[in-house]
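The two complexes that follow have chain A in common; it is paired with chain B in the first and with chain C in the second.
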Partner chain A sequence: MIASYRFAGQDEYCLRIDRGRDTRILVIQPLFEEANRTRHMLAEMMRALDGHGIDSLMPDLPGRNESAFPQHQADLDLWRNALAECAEQLGPVTHIAALRGGALLIDCAPQLPVWRLAPAKGEQLLRTMIRARLTADREAGKHVTEEMLIEAAQTGPVELAGNLFGTAMIDGLKNARPEDVLDIRRNSRTVRNSSEPDFVTGMIDGKALWLRAEPEHNAVMSQAIADDIAEWIRP
Partner chain B sequence: MCILNSRGQETGRVNQDQQVEQVVRSVLCDILGLGEEQVAGFDADTELFGALPELDSMAVAGLLTEMEDRLDILIEDDEVDGELFENFGNLVNFAKAKLAA
Partner chain C sequence: MTRHFTFECTGETLVGSIDDAKGERGLLIVSGGNEIRAGAFGGMARLARDLAASGITVMRYDRRGIGDSSGENSGFEGSADDISAALTAFRKQCPGLREIAAFGNCDAASALALFAGKAGFAALALANPWTIETPDNAEEGETAAMPASAIRSRYLAKLRDPRELWRLVTGGVNLRKLVKGLRQAAAKQEVSGLGERLMKALSGQTVPVAILIASRDRTALAFLSIWDSASGEAARTNGYIMLQQIHSASHSFAGEDDHRWLVEQLIAVVHSC
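After this line comes the complex of A and B, so read on.
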């Protein structure tokens, strides 16, 4: 189940269910804390995909989880390159399933069809982490502003909600938005579970576990996601 | 499930106010993992901060960002203080005032 891929001279972990079948999905996890909150659900989703006869890969991104890559040197382009490397080494990959901020990385394989769940804007993810930092600082009696943090990132890593960020990651997140018209261009599908922007094409029954203050698992949702993906691939 | 549509068709003020309240309920439900029935039972005096241990700094940050996203508003950091999260009524009134501004 645990495979690895080489990137930047290191081995990075990749959760893998591979029985040599024709369809193989690259699962792009949500980013930062949201990845921790959804890992269990996604691992179960991969098992459910296996039940549908679909292989899948879920790579850890450099600087995340057990990775030895320096966290503050990572940015969105580096992550896209890492995903492309993983797909190359452990593929061939035929489809992408991206969740939340993972949808910002789908250009790692621009030709593949994409299934997205609740795609998130980079700025929204960044804002939450900056807020958490500012709130914690305020409680500690320190006066820090968003501008001060962004300026500090120019000269060295800045800690936001337990993550070390360099300026390239901060700039990348500020400008990264999931594409609205993806569904037409890439024969793709976008689903949500709650709030409902215009570009949504489907709905998954379940809770927004990626937002949850305390991590939680939902086996029904894992199955529902796998069913939706399988239906999308083989209608 | 926290499936409460945040972008309905109603245009009247009363309906808009109800909608804002629904959105705030659904955000609380999503972030704190509270039961739908529990959140549906919240009234203006229901205590939030202090009564809900899940509401730490990360949860507060997530809650504000989700409210911004679902209501299409912008919340400045200096508008956020302890009073805002004192009870459900304060949070809903803040969101309503933001939308009316």
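After this line comes the complex of A and C, so read on.
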């Protein structure tokens, strides 16, 4: 259940269910605090995939969860490299499952079939975190604007919603869109959460867990995701 | 280097993480709310590394139904077995440790106060203990009302801020919300069942207990109003308990200064074993 992969001279934590089977899925979690909120749901989802006879890996991104890697030195490209390293060391990986902002990193293995849930634009994630920082500052009586934060990021790490950001990450997020890293020829399936107004090819029933204030579980969603992935892999 | 492992609790598989240090004392961190063992913003993982750097071996874990662990989440009220199992696992993973203390924030602090006696820790650090119960008369859809003491403190602070007064004058304040809030603030603070249980548990502690308070945190304010009341007398006069306060509104000791203060307090508690 507990594995690790080597990246930038450190061991990074990777949750793993591996029984040496033919199908192995690399799970790319939502980014930043959305990962905390969906953690248990995803761990249970991996156990449900196990029930379908499917192996899975869910690595920590450098600077996230258990990682001691300096947060402000991470950016989207570094994260893509880390995921590629993990797949290389703990693979072979046959499919990718990416959720929310995780969908921005699926070009870590562009040749693999990819399943996506509620892909999120980097700009949207950034906006939410900037808003959280500005609200916190105003509550504390500080007069801060978004321009001031962006400018400060040019010269040193900036804290947004509890995470430390360098300018490479901020710029990367501003310009990252899920459609840009999904080649049209790639074998893919995209589903949306049923609480969202528009959907693509399917719906997963359950409230938007990643938007809640604190981690919560949704056992129905864990099973529904696993079932949908299993069905897509072996129709 | 943090190491990770699994251990058993009532037939479920729990995941723990340990930061080893050379000393003979350890600290078990119990997570609050539904937070994963690394903590919001990786805060607990960082705290553990900082404490290990100062010679204290630290363990964190996901209780049942949380994070990477299996099983059902029974909240802080149902976490007694998880706390015991974690301590057993800690001792097994680090047989060289002589004394093990425990730290919890918010409802984890309450869980430790209520259940730690059975487990057998050498000392406790309880931060901003949670005492709030959902009132029976809450309006439908309303979340648990903020305790009166916390509301009073918040409004007083706002009224002192000239920017807030300007908002009031220029119509930026929701008057209906303000009147409702003031009415709640004027209500006498009633001691909940949980508050009473907590005071009773604290009065019976026979190991060093440090109660760590962020003096402008709403949860801490609710705790203090019970601590300072008649219900808290036996706990207040228990010589094993020391209250330490930092002038801050951060419930989770988020700022750099708060973090440093917390680390100092935890080192002191561990060394009081």
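By definition in this document, the second predicted complex is superposed on the first by the 224 of 235 C-alpha atoms of A that agree within 3 Å, B and C clash if a C-alpha of one lies under 4 Å from a C-alpha of the other, contacts with A are read in each partner's own complex, and residues count from 1 in each chain.
Here is the rule we use: contacts are C-beta pairs under 8 Å (C-beta built on N, C-alpha and C of every residue); 3 or more make two chains touch, one makes a residue touch a chain.
None of these values were measured; they are calculated from a predicted model.
Applying the stated clash criterion after superposition on chain A shows that chain B and chain C can sit side by side.
When the two structures are aligned on the shared chain, A:150 is found in touch with neither chain B nor chain C. By the touch criterion stated above, A:193 is placed in contact with chain B alone, chain C being left untouched. In the superposition on chain A, A:208 contacts chain B only, with no contact to chain C. Rounded to the nearest 10, the angle at the Cα centre of chain A between the centres of chain B and chain C is 70 degrees. Shared-chain residue A:168: touches no atom of chain B or chain C.
With both structures placed on the common chain, the touch criterion links A:129 to chain B but leaves chain C unconnected.
Residue contacts after overlaying the shared chain place A:112 against neither chain B nor chain C. Contact with chain C, but none with chain B, is seen for A:15 once the two complexes are overlaid on the shared chain. Once both structures are fitted on chain A, no C-alpha atom of chain B lies closer than 5 Å to one of chain C.
Shared interface residues of chain A, touching chain B in one complex and chain C in the other, are 33, 214, 216. For chain B in complex with chain A, the residues that touch the partner chain are 1-7, 23, 26, 29-33, 54-62, 64-66, 68-70, 77, 80. Every residue of chain C that touches chain A in the complex is listed here, in rising order: 1-2, 4-6, 13, 15, 17, 33-36, 38, 40-43, 45, 49, 65-70, 73, 161, 163, 249, 254.
If you check the complex, the residues on chain A that touch chain C are 1-2, 11, 13, 15, 33, 36, 39-40, 43, 47, 64-68, 71, 140-141, 162-163, 214-217.
Residues 33, 121, 124, 127-132, 134-136, 139, 145-146, 161, 193-197, 203, 205-208, 211-214, 216 of chain A are the ones that touch chain B when the two sit in their complex.
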